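Handing you this structure, nothing more for now.
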Amino acid sequence: MSIVSFRDVSKTFGSHPVLRNVSLDIEEGQVVAIIGPSGAGKSTLLRCVNQLERHSTGEILIDGTPIGGNQRKRDLIRLRQTVGMVFQSFNLWPHLSALGNVMEGPVTVLKTPVAIARQQAEALLKQVGLADHAAKYPGQLSGGQQQRVAIARALAMKPRVMLFDEATSALDPEMVQEVLRVMESLAADGMTMLVVTHEMGFARKVADRVVLMANGQVVEEDAPETFFTNPKEERSRAFLSRVLSS
Amino acid sequence: MSIVSFRDVSKTFGSHPVLRNVSLDIEEGQVVAIIGPSGAGKSTLLRCVNQLERHSTGEILIDGTPIGGNQRKRDLIRLRQTVGMVFQSFNLWPHLSALGNVMEGPVTVLKTPVAIARQQAEALLKQVGLADHAAKYPGQLSGGQQQRVAIARALAMKPRVMLFDEATSALDPEMVQEVLRVMESLAADGMTMLVVTHEMGFARKVADRVVLMANGQVVEEDAPETFFTNPKEERSRAFLSRVLSS
Amino acid sequence: MIDWNFMVTYSPRLLKACEVTFGISVTSLAFSTVAGLGIALLRLSSRRILSSAAWIYVWIVRGTPLLLQLFAIYYAMPMTGLRLDPWTAGILTLSLNSSAYFSEIFRSAIQSIPTGQTEAAIAIGMGPLQTLRRIVIPLSLRPALPPYVGQAITLLKNSSLVSIIAVPDLMQTAQSIYSTTFKVVEVMLMTGILYLIMTSLLQIAQTSLERRLSYYTVK
Amino acid sequence: MIDWNFMVTYSPRLLKACEVTFGISVTSLAFSTVAGLGIALLRLSSRRILSSAAWIYVWIVRGTPLLLQLFAIYYAMPMTGLRLDPWTAGILTLSLNSSAYFSEIFRSAIQSIPTGQTEAAIAIGMGPLQTLRRIVIPLSLRPALPPYVGQAITLLKNSSLVSIIAVPDLMQTAQSIYSTTFKVVEVMLMTGILYLIMTSLLQIAQTSLERRLSYYTVK
Amino acid sequence: ATPTADDIRRQGYMRIATTGLDAPYNYVDPDGQVMGFDIDWSRMICASLGVEARFSCLAWHGILPGLMAGQFDGVMSAVRITPERQANFAFSAPYTTDSVAVLVRQDNTTIKEIEDLKGLVVGTASGSILEATANEMAHAATLRSYPGLPDILMDLMSGRLDGAVVGRAGALYAIHTHNLPLKVVGRAIRPQPIAMILPKGATDLASAVSKAIADRQADGQARALADRWFKA
């Protein structure tokens, strides 16, 4: 059974349709790269998975359970905890240290004892290469370091799926590498990942599947090799030629 | 005579040296690309040109006139007007429309009559391809559109030099193209430009000279062809190999 | 129960008192807004002496009762040769007093503006005053507005203290009427409505301005 | 000039009155801070009825004089069968009154928090109350602090109105002393110093908290 | 439920409100004890009723609403009997009288009677008999109403006022006690009886209080009290 399924999902803002009948299945352990032009609805798709944005019609299932709709608030919150999200703009909490940011979820939400949460958080910071920066505040970290803390923060909740929304596009090229390396090693460890990205190199190398969105619809869905060398759709070819030229 | 000259410029934040004895001359009509790793001091160098940051020692000359130091406030402000700056984060003023952002400098600073300033602003917005978006507020524009408004805003002051600090690094790939195209056409029109960038393609294609900074110093200064194919310094080679791999 | 005739009889006198309250308040509001902005800027100055002086001003003015300030200005100033009439003394005191509160509201709002906004103004060649007028003030309007209106309302209410130096304002007049006629309910009702009308001007202006300044929340 | 003996004689009485002022103020401050936060959240609610109700509450409470509210609670409530003693009525009135002003200060501060901050909390699985307690409140502390302390000081000064229903506070006691002794200078000096001491606790706390919350300005 | 004399006796004390701002009638001494002519009278009256007197000090603007709302049993605060008040409250028999007086600076020689205030700047206390008297008789160019006597005295001494229309006993007491450079001039204007004011309809209690007052006037204690407080 797939761990995230979209079944005929649509979403409108006012009268403006942003997602149109999207159906998509993500299997456990898969890395799916979502690419497409600006305004295609990629962020909205991701934000519907953990219901930061409510979808208008259709169904989104997480591990078989539908999320959103008239669901009880408590169930929604529980389901959300199985999904980790990393934002383009990091959104670290400035009043907490790197360690504090990572511990926050386990301690507040999961009621993990502080001592244990601290150990786990330290291990996670080590995993993303920031063992030495645990005590620093977000304001004292570079962009790449902040984004890695944000990844550790999401991982601390032991999510079954991770969502990345352009996790590297606010970063300098050198920092992009740091973050992509962490994401690659997550993928290698078998984490299910839904990655909105403009890093075609990363999509090609790491993703199991590439999804091209345009205009609120899934235009093409393919293995990366096929997609990058021999796209089926005209729209895909147009997109690739524009992006790869830069 | 060169239009911007750094003569032995140093800058420290507290006890932390950020620029060390930088000497550099930019000739009229030249496009100089400044590249280098994060923390090298590229932004600080640019910000010293219009004294958003004061340098500690050395001299910076704009068209032969030294800027900063114990200069009278009024002279400093006058000199600043000859330098236009475009920021990584756009920094458009959210309470003014695109047109309002572009008109603000001429009307407030240069005391241009509103009717004339409006005509000029409309012409500039047309030049950056935004004739249809003049009435929109920054919050209603995409990143690429915002950055082009920011360029128009700087151009409206008829500067002799334009400074770009990673003007494209907060943008999606498709939007990057829009902005780079505007910058290229500026260069083609003979504008003097100092461009901090991570777009190696752009540096190679448009710049007359490439300057690599590291650790607060100028490591290498070269024509782009030489720099990218046959860098003199070890440090340059290391930087290029890391950046071009992504 | 409620004596409507009474209310009709006394409303002209209360309305007249409203003019006093409104006049003093609006004048003081104008002065103290300007002064408050000035003090906020001093407080934000990088010069240590200026910001400390502003801190001390705010500390003492917020820290002591309005009545004391009024007495100091009205009764103690004549010793220095400057004799103020009650109106001037009242407006001066209220303005000084409120300016300290406003300055803290403005300072907080100005500090919430991203530095990039002012850097863009400086980079384009604006001087400090131009930056203030064209960028800093418009951008701090939205976050300053709700506490500003609260403080302006407090000023309006505080203006009744000025009656202690013989300027009969709305509240003083109301007290004077009910302590001779004993129609506490009627007087309080009328007075409450009159205050509500005066403050509604401010509160409705606040709500509609907030709506118009919503560009600020579009991020 | 200044009669020091007099000041020594009367200081115990003034100090005692300080206790009243301080007690009423601190209690009301605690209640109205909590209530103000609640009202701010209602005002920010996406449910139209809740936010309108909060708007109306703020409109009326800020719009009418404290004296009227005090009379309504102290003299009119007994008609509904609930008779409050002066202390309770005073604290209740001051708390209700200040809560409206605080709510606007809090609302403004909460609205200045970037949405990404709360989205990150929601995404990690926090409920609304956890998000409030762990993220929204800590982050709105810095911008709310200067106007909050201003309003807290206003509350402390306003507490003197409670003397109208027989709880003699510091200001009432001061007036009582100078009306029999005519030592205006001495009484006002002492009273001013006592108020300054009480408010300094708040103002010094503000300055040091602001310094500690400076992570917020590191962007 | 207006209290009767029996209710008060059963209660064991009488709740009496006063401003404490009106020496020599009522004021508060350095220890916080309320003192004065009204206070001594209250104690005598309550002693006659066989109850204890319990005092509350509060601003005048809070006193009458409090009495109407049943927060007190009576008010002893130099309250003058007026028709408006009689329509809304019960009064005991008067225990003294006071009149309106004109107050000027000591060096003033031109103002001798209230009529001489015509066209001048005059102060008075707001919301009282004094304000009405000043309005009707002084014909001032500017009439300023102050909340209390101290504010009037200060502004008179500061020179902002030419004269003031005030209560005679309070003014004399203040000048005498504090040696102020002021003087009371002219005739005693509109002498007015002063009495305890009680909740509307409390006629039974009022007559019990009136009887106590009459007894003390008969046995000479009233005289002694007046000598003590008004010998100036």
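All chains are identified by letter, namely A, B, C, D and E, in their written order; residue positions are counted from 1 within each chain.
The working rule: contacts are C-beta pairs under 8 Å (C-beta built on N, C-alpha and C of every residue); 3 or more make two chains touch, one makes a residue touch a chain.
Values in this document were obtained by computation on a predicted structure and should not be read as measured data.
Engineer: If we look at chain C and chain E, which chains touch each of them?
Structural biologist: Touches both chain C and chain E: D.
Engineer: Which chain's C-alpha centroid is most distant from that of chain D?
Structural biologist: B
Engineer: Going by C-alpha centroids, which chain is farthest from chain C? Tell me that one.
Structural biologist: A
Engineer: Go ahead and name the chain pair joined by the largest number of contacting C-beta pairs.
Structural biologist: Ranked by C-beta contact count, first place goes to C-D.
Engineer: Need the CA-centroid distance for the pair chain C / chain D, whole Å please.
Structural biologist: So the centre of chain C lies 17 Å away from the centre of chain D.
Engineer: Quick one: report the Å distance separating chain D from chain E, using the average Cα coordinate of each chain.
Structural biologist: Computed value for the inter-centroid distance: 36 Å.
Engineer: Taking each chain's centre as the mean of its CA atoms, how far is chain B from chain C in angstrom?
Structural biologist: Here the centre of chain C sits 45 Å away from the centre of chain B.
Engineer: Distance between chain B and chain D based on Cα centroids, please, to the nearest Å.
Structural biologist: Computed value for the inter-centroid distance: 50 Å.
Engineer: What are the residues of chain D that contact at least two other chains?
Structural biologist: 71, 75, 114, 184, 219
Engineer: In chain A, which residues are in touch with two or more of the other chains?
Structural biologist: none
Engineer: Using the touch definition from the top, which residues of chain E touch two or more other chains?
Structural biologist: In chain E, 61, 65, 68, 154 touch at least two other chains.
Engineer: Could you please write down every pair of chains that are in touch?
Structural biologist: Touching chain pairs, listed by label, are A-B, A-D, B-C, C-D, C-E, D-E.
Engineer: Within their complex, state which residues of chain C touch chain B.
Structural biologist: Touch list, chain C to chain B: 114, 116-117, 119-127, 130, 134-135, 138-139, 213, 215-216, 218-219.
Engineer: If we count contacts the way the header does, which residues on chain A are in touch with chain B in the complex?
Structural biologist: 37-39, 142, 166, 169-170, 172-177, 198-199, 201, 242-243, 245-246
Engineer: Can you check the complex and tell me which residues of chain C touch chain D?
Structural biologist: 55, 58-60, 62-68, 71-72, 75-76, 101, 104-105, 107-109, 111-112, 114-115, 143-147, 149-151, 153-154, 157, 160, 171, 184, 188, 191-192, 195-196, 199-200, 203, 207, 217, 219
Engineer: List the residues on chain A that touch chain D in their complex, please.
Structural biologist: 50, 52, 73, 77-78, 80-81, 83-85, 87, 89, 91-95, 104-105, 108-109, 137, 139-140, 150, 153-154, 157
Engineer: Can you list the residues on chain E that touch chain C in the complex?
Structural biologist: For chain E paired with chain C, touching residues are 60-61, 64-65, 68, 82, 84-85, 88-89, 123, 126-128, 131, 144-147, 151, 154-155, 158-160.
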